[in-house]
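We just call them A, B, C and D in the order they show up, numbering each chain from 1.
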Amino acid sequence: MNTAYVSALDVTAGLVLFAAVMTLWRRGVRTIVSILGVQGLSLSAVALVLAIHEHDTALLVTGGLVLVLKGIVIPGLLLRASRLDPKSRETRPLVNVPASLVAAAVLIVLSYVVSARITSLAPSDATRLVPLGMATILVGYFMLVTRRRAVSKIVGLILVDNGIGLVAYLLTSGVPFIVELGSSIDVLLVVVVLQFLMVSMGRHSDVDVLTERRELRD
Amino acid sequence: MTWYLVALSLGALAAIAGATLPRRVRVPVAAALGALGCAVSLVAAVGDLIDGRTILVHSDRLLPFSGVSLTLDPLAALFVVLSSLVGVAACLYLVGYAHGPSASRSAVSIFMVFVLALSVVPLASNIVSFMFAWELMALSSLLLIVTDQAQRPKARSAALWYAAMTQAGAVSITLGLLLCASRAPGQSFVDIAASSSTLSATTRTAAFVLVLLGFASKAGAVPLHVWLPKAHPEAPSPVSALMSSAMVSMGVYGIVRVGGDLLHGGTVGWWVAVAALGIVSAVYGALHATTASDFKRLLAFSTIDIMGLSLIGVGAAGVLEDSGMHADATLAMMAALLLLVAHAAFKGALFLGAGSVERATGTRNLDRLGGLVHTMPTTSVVVALSAGAIMAVPTLSGFSSEWLLLQGLLHGFTDTSTPVVIVMLLGVVALALTGGLTAVAFVKAFGIGFLGQPRSAGARDSREVSRWMGWGSALLVLPSLVLGLVPGLVVSLINRAADTGLGGVATTPVSTGAGLALSQLRGAIEPAALLGALVGVMVVLALAARTLGQRRARRVDAWGCGREEQTPRMQYTATSFAEPLQRVFADVLRPQMDVEVTHAVESRYFQQSLTYHHRIADVVEVRAYRPVFGVVHRVGVLARRLQNGSIHRYLAFGFVALLVVVVVLA
Amino acid sequence: MLLVMIVAIPLAMTLAAMVCPWSPWLGRASGLASAGVLALGIWLSALTMTTPRWGAAHLMRADSLSAFMVVVIGSVSVLATSFTSRTMSQEIASGATTARHARHYVILMQVFITCMLIAVLSANLGVVWISIEATTIATTFLVSHRRTSGAFEASWKYVILCSVGIALAFLGTVLIYYGELHASGGHVASLNWTSLMAAAPHLDPRVTRLGFALLVVGYGTKVGLVPMHSWLPDAHSQAPAPVSALMSGVLLSVAFYALLRFRAVVQIALGPTFPRVALLMVGVASLLVATAMLIAQRDLKRMLAYSSIEHMGLMAVGAAVGSPLAIAAVLLHVLGHGITKAVLFLSAGEIYQLEGTTEIDRISGLLARRPVLGGIFGFALMSLVAFPPFSLFVSELSMARAEVDAGLSWVVAVSLACLAVVFAAVLRHGRHLLMGSRGDGESPSVLDRSAASMLVGALVVCVALGVLSWPVQSLLWHAAHQVTP
Amino acid sequence: MNRVALSVCTSVLQLALVGVGSLVLLGLMAKVKARAEGRVGSPVVQPLRDIRKLLTKERLHARHSSVVLALAPMVITASAAVAVGISPIIGTHPVLGQSADIFVIVYLLLTGSVASALAGLDPATAFGGMGASRAMTIGALAEPALLVAVIALSVQAGTSNLPGIVSSTASHPAWVFGPVHLFALGALLIVVLAETGRIPVDNPATHLELTMVHEAMVLEYAGPELALVTLGEAMRLGLLFSLVANLFLPWGVATGDSLGALAIACAALVAKTTTLALVVALIEVRSAKLRLFRLPELLAGGFVLSVLAVVMGLVIR
């Protein structure tokens, strides 16, 4: 039972990080969104595994919520949004793909180093995986900074959020339910808002140049 | 203190009246209340100076976190006297002066706030109260400068200069005062004075330097003076009068209060610095005053000059006190304070007079004035007497105070330490240099501006200004006469204030009487007797002339070197009057001159017109301030590149921050 | 019950706006609702002076700090919402917006205010996070209300930057929660303010340190602190004036409120040094950046926005000191700055309406051309640069006093130097805007009486706050003691 | 003899002596110059005759002048007269002698200069303004030298009271040949040349308007007023000559209470001032008038000499 729990946790959490790295690797925006969906599913799997292991109903519900929200709804919304421009690809990221991957590697090592202290407070099967969560956050943020497409930006944002979620599950088996609920709704709303903005701005100009606009500056 | 509170309430009432009453009665009512308030505080302060008592008031109901503290000691009382005196005159003057934008609700109200703030500054006795009053004084004067900015483009940039420099000064003072209080249990001046000796020498010096920078800038000390010759001329005249007489004095007050009273004197270096500022200011101010042809600008530079002299006195007092010559120190301090009071009166009168001239003629350019002595007799007498006072004509106030200053400096020579002697020597030299230059400046101001023939239509058609303006300015001649003729009557009051400024040990270096007589040394003046002698001789001469010559002089044309007609344009102008001196000091003043000649079409040997342009920029401004502004502006322009509008970059800022956080803390 | 009522007022107003069609009365009603919030806030302050109150099944809690924040939110939103009907009518008249969008605007404003109220009245720091994040969502549409490309760009940047920033704050919250969980031995860990304070002495220093740093960066985004400040000038310059007023006046301070709460916890856990260093770094950096950006600023509303960053930096520096005097001064600063900035943004909105631009170079002579508006704007600028008798003077000076008392003289030196430069820069821009003469044949236009009296009234309140100790001082002391262990 | 009576007596004697004597000194200098230039020259008492003649002439005022023009001669003469009356010229106890401070004397003289400059500006002529401008410039440059030079002496004497300086110099004969006195004497001589309008600073005998300084200022005066101005200016000269003489050679000045001493003092004064006048006349003969813009160099030289005197006083004490 315990080994199964551990390996399930390892696999699912690893998948979350792997998905994050994959988003850096691939160029097609739709592919990236799909990878995000996979990550959402893995994240919910982490929550569910933890919930089953700790008999935590609140976390179970949370896992379900995440499954629906981050596994299905948000990727779905983003897929719809990316349909505005079906051929859209990350053709010219600010940091090119090979360099991004190297950077991702560096970030992963870094997060391993920095998470040691957090883990050491309460070493357990779950908390030792915190580096994966931290790495997801950093890789997600990296994606957010370096990718040009609007959808990619949103994906980066969700990656960061997923990473934080992962850290939260691993460290504390989730924050109090009400907080979890609120934050999930917030994330959803943010995505909705961003999608709305994409659509509205798309009406004014080419979606492609959405994130390149520099009308407001000093 | 009750009377002060009455006075302050009257001032506040005046401000409210100015803000609320309808246009017709606004100015007279507000001015009457303001003048009454000033009069009350003037009388109360004189009374308290005579009694020599110290009163404290504290209330926690005002000013959050600190409460308001007011303390009346002789030093404060003297400055209350000074500012209330000018306040009364300025309020009276305002009745005749205010019209158009300067009679608007806000202008009248803010004027009253300014008058009020001026008399609260010396009373305030904790950091927050002091800075509150100080900044209120700055703000109200700033707003008053721009009251008629719509008509005066120059006022706008002057106000900006003033605002920036006064705020930089205030920041410096705040920091200095806070440093003074860093070991104190509270922030009241009593606490600071009690605990300042426990501060480290470095902190004390840092605090003093900071405070000095701020106060010296307010006092217009070179090189922190740049705002003064811009702002004082551009303000409406009653405001200029208040600024140039009462407000600048508060700078000196601050130096004395903090350096002498709160920090107990400190080291000799401080006071050498004060004296050095004074010496430079005196000479620089006097030089520029001689060459200025704008009447109010001339007055502003002469303010720098007199403030310099006063700082020399304060610096000398500090230096002497440091080397243990308490009596001589008191003498120098008394001289500085007496000079301030005298200056407040005559400079106030001069600015008010200049305002009357501007009102009557529409210009304050001396090159376009002339002959006002015929059309504006009252103003002419006021300006003549006050100019006499500033030139230190014996029997007027400038003379007695400068004499006292000279005595203070002279007796400092008996000390043997080098810094003392150097300060005394250079102080005397500065005093001597400025004496002659001031005379040139004011002979020019009065001789060109008021004598001769009018040089413009405005001057020709001028009329004497309203009675209120006349009375207001004439009121300030009175102190010049009193301080000049019977200085002995007030000198004991000044003595008390000087004692407070030097740490409270009472000495009486000047014995009281009608004139001034040093009690320990040989030196005395009897201005009243001197005036008696002068008048006596003149009466004898007049009688003799009457018996010998004809009673009436015959009016004839002036000698025109053969020309029949004398036109006003043939007269010397202010610019040409000062030209020789300007040439002598060209290296310091760096005048820019150019002559445009338009030749006649027929022949190049004949000139159709000839224009002479001449400008004296402030060297300090051009060489020291402009480059700094340039650098700051460049920083601003460069910084704008930071926010280039790219969301990628903005996100990267956050990413870097995140990396730094995790790397540093994990 | 009182706590619920406070939140219920704007909520009810939201519902009302959802069912009613747009009319100017809707705008006026929202103004009244805010006045109700303000009144209840004042009442709440009186009630919580000594003991905190709980509400809504211990989900809500109000101590004097919360009560004070309610007062701040109430006073600024009274100003902002009472301009709603005016702004919207003007925009509808000029065709810039439609009645439908005007109604949306009213709804979102109320949602925005509700979120802020929940943030300050919630007992749970997680809920604080949620409601602050929710303000982002509500305000996005307000920022993009004008539907110009600039407005969309601004709100895009706003959402992305704030979301990622606030996500970091969430990570910080998680870490603190993790610490709390361990400190309390695995039971009763709820992120509740009271339980967190109880557990504070046993928090693990390393985790707390990292958590607080993330909180500073994260909430700092919303506060407008460097390095995540960049959304602020864009959003403030594009949003309608009342929204900018509300954002700059209170939204930033509400986020700052969260930081204040966490700072207290961290101070108990780690001692004063770490939170001080962290806040000083962002505070001083914000001051420096804002100062540099203000020097050559070209846009009026961006200038105001950078000035908000500068003031937030000042407050962060004040909070870094952490003494009761410093916190009390910071809180007074919050209120004074909120009102002043609201007046400035609202009058900037009027200026934009009249002049059609916010470029400083293209506006001049306001004092001569529009004396009342120009005068109000001028006095508000004087308040902004902390001249007495306005309250920012007293609060800035008191912060400086507290800083010197804490031995941070160099910080005072730096911040005062920045203030002096900012002063010169702001007045230089102000001079260009305000001074100058009227063109030929142009007659001075007058701001209408109700708007003018509102703004003048706000300035008078600023003066009263700066001059009178009673009644705010004791509230401030109590509030400050809530977060100064 | 009663001290008060003696004081009055001293002052009256001083006034009479300087009033008449200074005019004679003017005549004497003119005579010496004339002789040195190989002319016969007018009699020594010619200035007195001129005054008498002027007193009988008509009073004329320029058309645009004001009361200043009428008052100035009286102020010039009165200030000079008061200065003469209270200074230690033949005795150290004149009327108001206790307040005969150097500062008083210097500023009384300044008052006279100011009055004549204003009188120059009052009639609205080009020459008057020119003269006033030049005179004030020279005065402004000469005054510091004068003040500092006398201060050098008063630092040494420990008082700025003129009778005090004279009597303490008299009791310390060694001072007279000390560097302080020598430098101060040099400075004062230059100042005297400038203040009294002698060559090389100004040519009192010029009749070319463009080179005039003092004469340009008083161009508009005629009759009794010109007499008064001339008298006042002469008294200034007399005062300065006698002060220089007494400060550097204090012997002969009556310090006691006897009339006899006063008589001796009168004789000593006549001798000293005559010598000084001869020296000045010789300087005038030997040198040419400087260009106006070279004057600052001369006066700055005087100023430096006076500062040197102060510094020397500090060094050698």
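Quick notes on this one:
The rule we apply is simple: a residue touches a chain if its C-beta (ideal position, glycine included) is under 8 Å from a C-beta of that chain, and two chains touch if they have at least 3 such contacts.
Not measured: the values here are computed from a predicted model.
No other pair of chains has as many C-beta pairs in contact as B-D. Chain C and chain D, compared by their mean Cα positions, are separated by 77 Å.
A separation of 68 Å divides the Cα centre of chain A from that of chain B. Centre-to-centre, using mean CA coordinates, chain A is 100 Å away from chain D. Annotation: 42 Å between the Cα-based centres of chain B and chain C.
The set of chain B residues that touch two or more partner chains comprises 639-640, 642-643, 645, 647, 651, 654, 658, 662, 666. Touching of two or more other chains is recorded for residues 156-157, 160, 164, 206, 210, 233-234, 293, 297 of chain C. Along chain D, no residue makes contact with two or more other chains. Applying the touch criterion to all chain pairs gives A-B, A-C, B-C, B-D.
For chain A in complex with chain B, the touching residues are 94, 110-111, 113-118, 134, 138, 141-142, 144-146, 148, 153, 211-218. Taken together, the chain B residues at the contact with chain C in this complex read 60-67, 106, 127-128, 131-132, 135-136, 138-139, 143, 146, 149-151, 153, 156-157, 159-160, 163-164, 167-168, 171, 174-175, 178-179, 181-182, 187, 632-633, 635-640, 642-643, 645, 647, 649-651, 653-654, 656-658, 661-662, 664-666.
Within the complex formed with chain B, the residues of chain D that make contact are 55-68, 70, 73-75, 77-79, 81-82, 85-86, 95-96, 98-99, 101, 103-104, 106-108, 110-111, 113-114, 117-118, 120-130, 132-134, 136-137, 139-148, 151, 154-155, 158-161, 164, 209, 219-220, 223-225, 228, 292-293, 296, 307, 310-311, 313-314. Those residues of chain C that touch chain A in the shared complex are 59, 124, 126-127, 129-131, 133-134, 136-137, 140-141, 144, 147, 149-150, 152-157, 159-160, 163-164, 167, 170-171, 173-175, 177-179, 181-182, 189-191, 204, 206-207, 210, 233-234, 237-238, 293, 297-298, 302. Across the complex, chain A is touched by residues 639-640, 642-648, 651-652, 654-655, 658-659, 662-663, 666 of chain B.
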